[in-house]
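Below, subunit A partners subunit B and then partners subunit C, in two separate complexes.
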Partner chain A sequence: MSDQPILQIRDLCKDFKVRSAKLFEGPKQLHALSHVSLDIQKGETLGVIGESGCGKSTLGRCVVGLHSVTSGDIIYKGKNLKELHTKEERRNRHKNIQIVFQDPYSSLNPRMTCGQLIEEGLIVHNLEPDKKKRRERVFAMMQKVGLDVQHIERFPHEFSGGQRQRINVARALILNPEIIVCDEPVSALDVSIQAQVLNLFRSIQKEFNLTYIFISHDLSVIKHVSDRIAIMYLGTVVELCAADKIYHNPLHPYTKALLSAIPPDSPFETREQIKLEGDIPSPIGDMKGCPLAGRCPYATARCHEERPQLREVEEGHQVACFLMEQGKQN
Partner chain B sequence: MAHTTGVLSREAQNEMLKKERRANNAWHKLLRNKMALVGFIIVCLVFLMAILAPVIAPCDPAAISPLDKLKGPGYVSSKGITHWLGTDEFGRDLLSRLIYGAQISVVVAIGSTVVGGVIGILLGLIAGYKGGLVDSIIMRIMDGMFAFPFLLLAMIMVTVLGSGIQNVIIAIGVANVPSFARMVRGQVHVVKNEEYCNAARALGEGDARILFRHILPNTISPIVVYATMNMASAILSEASLSFLGLGITPPTASWGNILTSGKGYLQTAPHLATEAGLCILITVIGFNLLGDGIRDVLDPKMKK
Partner chain C sequence: MSEEILKVENLKTYFFTASGVAKAVDGVSYTLKKGEILGIVGESGSGKSVSASSVIRLLPKTGRVVDGTILFEGKDMRKISDKELRKIRGSDISVIFQDPMTSLDPVFKVGSQMVELIRTHNKVSKEEARKIAVENLALVGIPDPERRMNAYPHELSGGMCQRVMIAMAISCHPKFMIADEPTTALDVTVQAQVLGLLKELQEKTDTAIMLITHNLGIVWKMCDTVMVMYAGKTVEFADMKELYKNPLHPYTWGLLDSIPKLSDTEKAELKAIPGTPPDLRLTGKCCNFYNRCPYATDICREQVPELVEVAPGHKVACHHQNGVETLVRGKEAASDE
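And now, the complex of A and B:
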């Protein structure tokens, strides 16, 4: 798998302007993403995990083009998505990178039938001008995601959450994309349905050789679906490694704290609990030092001054922490 | 039962789809909604009356007969003509005038609502969707128009354009633009940040398609209701303009000018204002019922 990654994210920053509450103060910058770099290989599932507000959804939305990036590059198959000049190129971007949204209730237009919703992409990209054939393709896709033919004339409100999420998946899938950004696709569903939808994701991945960027805040879901996991904190990736490794050998203090928050399997099991004091610092305004410095039990003076970079500690395991660098030197 | 596989035969599936399509069909939904049906019938009758006025009117609406003026309903004139709804202050047959008046009133009501609605909805959509400077410019102009009283605005327009039915329609329509625009803009603000608009963007849809396929259908309910209410007020606006001598010039009958001229005879001949008022009332009720019905029909959740 030493080919060129299908998607490269380089130094991606996204700032939002926040209007100040005070009357004569200019707008402030909210740093939703700061210097995120990730490589995504074809056919893999990259899990992105972090607590709410850490920028994981923003990352997904930047990749599909719902947010314009402030700086940095997103390179899809060697083509920088910033430099899409023709309409055709921009279309292709949307065709190849699709998204499944978190909320299955608000992400479907309530005035369109299931068939129309799924068909939309084919019409917009003019992939199937013939109406009858288009319907056939919609049929086929619906069956693939586990919807019945009689559902085609129904409106979103007549479906359950899981079924709606299936419509969402079908809508994304009908364009035959290479990458699907799954923005917490199961967090709005109850647990039994979650499993069904996750299995659906897995089976279509095999069938279409899809690449997933799977965003979630649910550790068990991420563990189930991902090949690699990126852990995000306050707009930065703090740790990146293979999915199984992260549970056995977490290196970043934040990851350790996150994992120690999973309830133990047995009540008699004792394990090291790492508690982070305080709240996440505000992402508004300029930042200095490691974002975790204020809460980290191992923080040193250097952590408050400098921002650690993501560095490879061992094969396929990257961590952004000074502790690891020192640990290696010793 | 052999249906354990859950696979239905092709025919059964088609049958089922046909049923669902029928359930979604706007026409069928309208027919199933009793009140909407009543409204629809009233509106149709008014339309028929307006179109067939020359055929069904018993007399010439402009024929003056000074001897028979201000007579009550059912009066039989010296020439042996029965005036079923009485006569007005010039002795003209009121029934014929009301029938001919429907032409003007219906055309003005619908015309001005369409003019105001189309311009207002487009401006509101653009202002709400684009936001920023475009929004500010459009909405400040609308606010400026709001600053004038409605009737004054229409009067200015008629004075500039001159009287005549199409100018009255344009005047009342343009005076209606700000309220349509403001309402639509507010709705667009709510809808445009819904996740399904983001989904459309992620699919690569252009602005126009998002606006007309996703945003407009989801803002249509209050627009339809407002538009039907607006028809009622347009009939009355036309009456006010005619009353001021700026609308339809007197010999031509309109419900508005029959009503306003009847105002002077409320004590001696109350039937004048009453009958014209009833015509307006029934038409307005018809439009309102139809409007409510259309709103329900357009709402996919109403599937009785």
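And now, the complex of A and C:
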């Protein structure tokens, strides 16, 4: 862990402008991400989990460069991604940080064949000018991700969901990236197929020494694939810890609530029940205090006023909650 | 508790499409007793939803129930007239659909939709119906129900909409409720709220619920009995705890093993089921699972396995597991590697 992280996210903020409901009012700010800081080491899998609207996909898209950031820095191998001036540098970034999207049905161009889809990246980045060699690489990649090479001329609609997701993985992998952002890659798949795709992700990580940012809303999937897990709520990271710790020693009230909300592994399991009342508040407008304050059963007056910062409570376990601070002082 | 409210036997619902006959449901049998929750699990396309909507004839035009019996409180649901069926739908049997945002009419207020439903089935005045609607909204935990009556569906969040759907479903005191993936579109914390509510209401009113889901965790939390479906067929039907402790069908094993568990300490490779589900136009000549089953033998390729009761209340459809258990879970798979 002492090496320099491959990707550093520093104080990242992303706001979206949304039209106001009233006629003559100016646009409002939607704070999709506020002050997110994360370090990602080479070869590890960072799991990002949260409910819909918590900014986990926005985070992934910012890292890949599909969203411009409002403020903050993303530093890849010591190079700030804001300061990429030449075309070469920008190309390099896009080649090395790839993304696999959630929906295998809409993320593939229906008019391109499987082979064209996979080789597209090679053409765009001009990595293999020779047509024959390019095909060979496509063949090799298809075998690697478990696709039948006979299907190279097939169109996406002729594949099942799991196979399409394999095409997506092949598309990302053929550029030899260092980081792959996996944005809910298995949530559209059935459990038996989900397990196949998760196994594929694991085996290619070992083979290519990849770094994953794995985004999902399914905690058991996240725990299975990740080394470390970041729990997000309303645009902020509320807890960051090793994957096993989240189950054995969750500290933030939101993490505890999330854990107790997840359906059990067996009929005989009993878990501590922490219920959060109500729904997630809207991220539009200015926020004051802890984002969870309105729903948290332990909220104090301070929680409504001040925003807690992510602090290290134990070795490698960071929490953004005032309760933990007080616990430490006592 | 032992009163049977719904008995379905050998139900077959086929879809007659241009490219052939798709056997969406091809031999499904189960019984549901009063006050019980039956869970139906299976992958997408395994016929879970179709087998439920066959009961109340909510099938698209291409679909038809071709065989089998459906007895609801002793009445043959296949024979009753449309008029009788309309009376049963919404009052004796109600449905909660998967996507709450699209199953409510977007151009009517939540309140008027509820009043309409209540007045269709009960002879009450508008004011009374409104009162019942407000009571039901309060019952499902919607804050400020009086005001929410005047809200349009788009003004409510997903969890709220699903509560409204549940409030509508219980407003005529149904004896039997079909919940078709009621929480799939919702976040986990909201899902826990909605499931808790369903269970609470079910205990209070003693309604029988058919809960369709693909999440086994929900089954462990909610259900009394479970039916596992694969490619249109019932492959296993058992008491929930029995199914967890002693699953018999290889597909059930595969399903149980392929889910990553939160309590796992080591990160072993998941035991995935190889291959993909079969084309429903081609099923019905052999065991549908044989090409994905690590234990398959010749007989699986030649004969359709019957659903056999191997223990009281535990039925299984597998050539090797009927009566005498000849397979050992995980044994074949291990020797494969």
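Rule of thumb we're sticking to: the second predicted complex is superposed on the first by the 322 of 330 C-alpha atoms of A that agree within 3 Å, B and C clash if a C-alpha of one lies under 4 Å from a C-alpha of the other, contacts with A are read in each partner's own complex, and residues count from 1 in each chain.
As a convention for this text, a residue touches a chain if its C-beta (ideal position, glycine included) is under 8 Å from a C-beta of that chain, and two chains touch if they have at least 3 such contacts.
These numbers come from a predicted model, not from an experiment.
Chemist: Record, for the superposition on subunit A, whether partners subunit B and subunit C clash or fit.
Modeler: fit
Chemist: Go through the superposed model and pick first if A:A301 touches only subunit B, second if only subunit C, both, or neither.
Modeler: Neither subunit B nor subunit C is touched by A:A301.
Chemist: For A:L23, decide between first (touching subunit B), second (touching subunit C), both and neither.
Modeler: neither
Chemist: With both complexes overlaid on chain A, does A:L108 touch subunit B (first), subunit C (second), both or neither?
Modeler: Only subunit B is touched by A:L108; subunit C is not.
Chemist: For A:H157, decide between first (touching subunit B), second (touching subunit C), both and neither.
Modeler: After superposition on chain A, A:H157 lies in contact with subunit B alone.
Chemist: Tell me the contact category for A:E120 with respect to subunit B and subunit C: first, second, both or neither.
Modeler: A:E120 sits against subunit B, while subunit C stays out of touch.
Chemist: Does the superposition put A:L66 against subunit B (first), subunit C (second), both, or neither?
Modeler: The answer is first: A:L66 touches subunit B but not subunit C.
Chemist: Between the C-alpha centres of subunit B and subunit C, what angle is subtended at subunit A's, in steps of 10°?
Modeler: 80
Chemist: Should A:R91 be classified as contacting the first partner (subunit B), the second (subunit C), both, or neither?
Modeler: first
Chemist: With both complexes placed on chain A, how many Å separate the closest C-alpha atoms of subunit B and subunit C?
Modeler: The answer is 12 Å, the least C-alpha separation in the overlay.
Chemist: Looking at subunit A, which of its residues have contacts with both subunit B and subunit C?
Modeler: none
Chemist: In the complex, go through subunit C and note every residue touching subunit A.
Modeler: 43-44, 157, 159-160, 187-193, 195, 214-218, 220-221, 240-241, 244, 254-255, 258-265, 267, 269-274, 276
Chemist: Mind listing the subunit A positions that touch subunit C in their complex?
Modeler: Against subunit C, subunit A makes touches at 51-52, 160, 162-163, 190-196, 198-199, 202, 217, 219-221, 223-224, 244, 247, 257-269, 275-276, 279-280.
Chemist: Taking the touch rule as given, give the residues of subunit B at its contact with subunit A in the complex, in rising order.
Modeler: Subunit B residues touching subunit A: 8, 13, 16-17, 20-21, 23-24, 194-196, 198-205, 209, 214, 217-218, 298, 300-301.
Chemist: Can you name the residues of subunit A that touch subunit B in the complex?
Modeler: Residue positions touching the partner: 61, 64-66, 90-91, 93-95, 98-99, 101-103, 106-111, 113, 120-121, 124-125, 149-150, 152-155, 157, 168, 171, 175.
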